[in-house]
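Just below sit the structures, each encoded as structure tokens.
You will see chain A twice below: alongside chain B first, and alongside chain C after that.
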Partner chain A sequence: MNPVEIIRSLRAALASKTVLLGALVGFGGMCLLGRQAARENHLSPFVRFTQWTSPETKYYPTIGEMTSLVRATVRPDQVLVVVGGNSVLRGVGQPVQRIWTKALQQNLGPGYGVVNFAFNGSTVTDAGAVVAEALRREYPRQIYIANASPAAPPAPAGSGVYWFVFWEAYYKGLLIDDPVRAAAIAEHNHYDVIGNPPGGAGLRELKAREWLDRLFYFQDFWNKITYRHVNTVWGYYMPGTTDFLRARKDYPDPEPDTLTYPMDVRYNPGNLAVEMAIVRGCSQYCYLSTDASGHFQMRKDASGRWPLYAPVWDDFAAGIKVAMPQELKKRTLILLSRSSPFYVRRLTADERERDDLAYIHSVAMWKAGGYDAMDYGKDFGVEDYGDRTHVTWQGGAKLAILVADKIREMSKNLGYLQK
Partner chain B sequence: MSRSESPSQSPVVRHAVSLLMGVAIGVFFHYLLFRLTLPVAPFIYVSF
Partner chain C sequence: MIANAAWFHDLTAIFAPATPEDFGKIFDTYWFVIFAGIVLPAYWLLRRPALRLPFLALACVAYHYHFAGPAGMLPIIVIGTATYALGLTRRRLACAAGIALSVLALSFYKYSHFLAGEALGHIHAAWGAAADKSAGSLLPAAPPLAISFFAFEFIHYLYEVRRGAVPIRNPLRFLLFAIFFPSLVAGPIKRFTQFIPSLEHGARGVGVDDVSIGLRRVALGFLKKVVIADNLTLAIAFYGPVAKFATMTLPARWTVFVVIALRILFDFSGYSDIAIGLARMLGVKLPENFNWPYAATSIQEFWRRWHMSLTSWIRDYVYIPLGGNRHGIARRMLNGLIAFALIGLWHGPAWHFVLWGLYHGLGLAVCASYAKLPIAGPPLSRLLARQPIPCWLATQAFAWFGWLIFFYPVVEAGRIAGLLFTSGA
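== the complex of A and B ==
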């Protein structure tokens, strides 16, 4: 029987109007199940996002998944601490049992609830920031933490890989209507999804997807199926042609313990020149600026002082001004992550001075912009790092002490601790 | 095969099968929306 005959047989055997009715019922039912899935915490047990629950394997966590996880794990009477930022705060190189955010939770005690929504390569305004903003009314006592590089302004709608979270929350009406940020987003459209040209189809497609999801909730439902029951999305790292069907929850957190690595693995001599260039770049170049001509953030003058190179810092100040709504800045803690002393001590005296000033100025400018900020790592040892920038769980324990002290101070200043 | 030549079956069964077929189509279309709107370009993490 050829395809035409099959179709004719089906048309004869089935009632077309009933099929249409069934399709509407089926699709509508799926939308309702999607809405239900958005209100459930199916990412349990959760410590952090892994390769299996991130865009690296085409898993795009929804705002519903993340807010539901918060509601399931943090009580309303606790101060909500949302950790965003990149792989450093995600705890790369720290085994899941000893991740720094667990130490942070222990240091803060039961009055606080810590959730780690950091992703590899994400920035200040990415997923964690969006989740905290979406939960601002349910958890008015909240602190958001993210890390950043010196003089690096975040894009107001998040970075290219992770701004799906921002746009989902935007179309679902979960964000503050901030005209200053909206104007900045319109201006920043040149930060398109990686691999797409400026102003290309990537953003338009993303917006269409999130607009449709606002109506049909397909992401929440199928993410739940993918995570809990059967993986329906093959990804670059997924194993085998049939193994990939395993539910994402069945994959273990693969993060190694870099504290056990020998020093020549942590600091591969073959990568020294590249790593030193990156460390110098922390104070040398205009991060994320359209001016990529390699301006120094500051240059030493004849009197031995380090006047700031204004275009870099003005661009930075303008960026942090519009990065998030004014009312959210004061509860935001920006961590400036210093490089491992293994590399910093190999800088020349002038470079070290410039590097130090870049962090000091960046902290001051984040604070002047209405945020709270601190740097860390200057007094950490070589053994506290697993590579140039990621701390081991031992370094993470030190970081957790510093951050806990800062959070308690912020909580006091913000009036969170008053009954 | 014309409509008049369709296999003999009760209207209830015909409509039940039709409804189930329709539901399956609806579910498939919902999955299709999810799958087709996923970004094509993979994010390959190196180090940041």
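== the complex of A and C ==
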């Protein structure tokens, strides 16, 4: 090897080492930045998650983002009120300025700090529940609110669409070690995440992601980049194809004001049959009996009562039992959202009675399971709803009054107000 | 990084992956990240070749087991064992039998429904339906992982042994040739005469250069695949369907047309880059698969730059054995058309893939022979030789319109092509 070749190979080796060193330093730096991003609140200003900050557009909020947001907006001396649940509590159909959780905060006053972590299609055990659980030591005076349908068992933690928040918190060691919940999760481990191959491979893969994120914090790193600086992923629901690179913080909350919608838009006559089937379905399968030949009957029994269909209620009770650790149940408020009177009024008298019964029974079941619960909407008007189930901001204001009263009562019972 | 939603899968299903097996979810899985994070450093730390190769084989088996499952491993175990054993005999007949086994296995697992439903069904509907039903009862839900790649590699192996090459005696080395994890699912299609020496070289020592070059290649591959191609895939799945395409403005349609061409290049070459880079990080050099195909100024050049390991395989084991260009222009064109029809069919069991292959076969035939046309041929050839830009434009237009046949059923491809030249719907 002549000197020129030696110099060339030395230079090449040095270049290779420089590249490797650069890669190592760069990767390490990104991990540190991710770790830092998880500790600061970059979701500002925040009122609720929108389509720009939810999985609909490939934005997967992290536990770090949500807990940092709570720390930045709720003082430790306030009672933390975490709103979870689905689109109803997210305030679909309510403009951001008049969203019900703002009214709730106003009603509760400065002693309480309300954050809205509801997502479309989310269940009792999803993101809000996980955040509240993760903050149980920092905010021991806390109330978690979610909504549910009558006799609907909550999805096992970490198995729904918003699985990712639970598993992230799980691998980061933020959750209570609850053997009852763990057994339920193990039993439902074959449940898969939507869109992934059957047999649990998708869930295993996504658990691997959260396990890796525990080490590298890449989710927080990229979420901060995409939220504050430049969006890196295109999605169908992004506003246009050319400006999708804009930082997500720059997109306005797109929620419309359904109170301004005409009634035939809120209650589309073309959908009447479908909506009525859904409303009827809320209670239809909770009260069944079988005749001599084993066929289901949807009618009252000889004594004039609606017969409870045990399998549905047993499933419901079992789901309630394992949904969250025992110590967190008593500070959890479950709201059962009644359907708009526009549809309820169209039920027969018997069906209305059955519908009412389903809500009453469900509230009782949740309470028997150690939670607090209430239903709402029975005395709401047609104009309080933007569709079958979502309330307008006007209905939201009524809801906020009811919930504030309930929260104050719970706070008193839980001893929060004595401190 | 990874998109997970039913609608995403529904929409992306419109666009098949660029190779027969769905390799879109292997290298960009978190499982693979963890796997590579363990296997690569462990391989580097094991300094002795006697330890490195068994460890690598174990890792490859774990990789194959994870993505194929125990039942999915059976075909490669059976066909691989047979190939290994028949190769050791060095007998021409035994090798031919082994080749036939790979061809039959590939045809059975991948083309049974196509041959029964599409081919036989057109001749006799009832027979086709019966054959399709019989095949359906025997076939697994999906073809064995990477069968298009390992079947071609086994055929190449036995063909070369049959021609006198020394077979791989060491079963461990043969196992690594069969299921070398970087190239298992998306190629490049390896040649054992190059792979085994390179594997042994890697086992003897992996240099800093290897790791650095490999890492850069892997990073480039992920950039192409995850950042560019995956975003383009989403955009195409949204804007690509004809109904949506028809509602768009003319410039937007042409943008989608360009995006389709870019997406397949970045997706497939990105995956090849990751495979080549990972192998290099183990000290192993895999053959190149892409060399700036969209810079080609003729169809011949395009195919010298696009999916090179497949093209050279078809050339060596189909085109040349058929007679290549040795028996006159008509036979040469026929051989070319057969070879390209097979290239098309390799990408999937559907007529539009065959048509795409024939389209390129015809293009290549015209390109290779127009200079020999009487009177106009020579001056046209001289003129084009001095005009690289029109040649480049014509070549790329040809190749990019070809992607419409590749991706869409024929009628839809025709409609999309038509919509590119009219502003109406």
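Assorted remarks:
The criterion applied here is as follows: the second predicted complex is superposed on the first by the 380 of 419 C-alpha atoms of A that agree within 3 Å, B and C clash if a C-alpha of one lies under 4 Å from a C-alpha of the other, contacts with A are read in each partner's own complex, and residues count from 1 in each chain.
Just so we're on the same page, contacts are C-beta pairs under 8 Å (C-beta built on N, C-alpha and C of every residue); 3 or more make two chains touch, one makes a residue touch a chain.
In this text, all values refer to a predicted model and were calculated from it rather than measured experimentally.
Residue contacts after overlaying the shared chain place A:212 against chain B and chain C alike.
By the touch criterion defined above, A:29 reaches chain B but does not reach chain C. Once the two complexes are laid over each other on the shared chain, residue contacts for A:58 go to chain B and to chain C alike. By the touch criterion defined above, A:121 reaches chain B but does not reach chain C. With both structures placed on the common chain, the touch criterion links A:204 to chain C but leaves chain B unconnected. The wider contact with chain A, measured as residues touched, comes from B rather than the other of chain B and chain C.
Once the two complexes are overlaid on the shared chain, A:349 sits clear of chain B and of chain C alike. After overlaying the two complexes on the shared chain, residue contacts for A:19 are found with chain B and with chain C alike. Contacts of A:87 after superposition: chain B is touched, whereas chain C is not reached. Contacts of A:233 after superposition: both chain B and chain C are touched. Shared contact residues on chain A (touching chain B in one structure, chain C in the other): 12-13, 15-16, 19-20, 23, 55, 58, 193-196, 202, 205-206, 208-209, 212, 218, 232-233, 235-236. On the side of chain B, the complex with chain A involves touching residues 1-3, 5-7, 9, 14-15, 17-27, 29-31, 33-35, 37-39, 41-45, 47-48. In the complex of the two chains, the chain A residues touching chain C come out as 12-13, 15-17, 19-20, 23, 55, 58, 193-196, 202, 204-206, 208-209, 211-212, 218, 232-236, 241.
Across the complex, chain B is touched by residues 5, 8-9, 11-16, 18-31, 34, 51, 54-56, 58, 60, 86-87, 120-121, 161, 164, 193-196, 202, 205-206, 208-209, 212-213, 216, 218-219, 221-222, 232-233, 235-236, 387, 389 of chain A. Every residue of chain C that touches chain A in the complex is listed here, in rising order: 1-9, 11, 29-31, 33-34, 207-209, 211-213, 215-216, 219, 227, 231, 234-235, 238-239.
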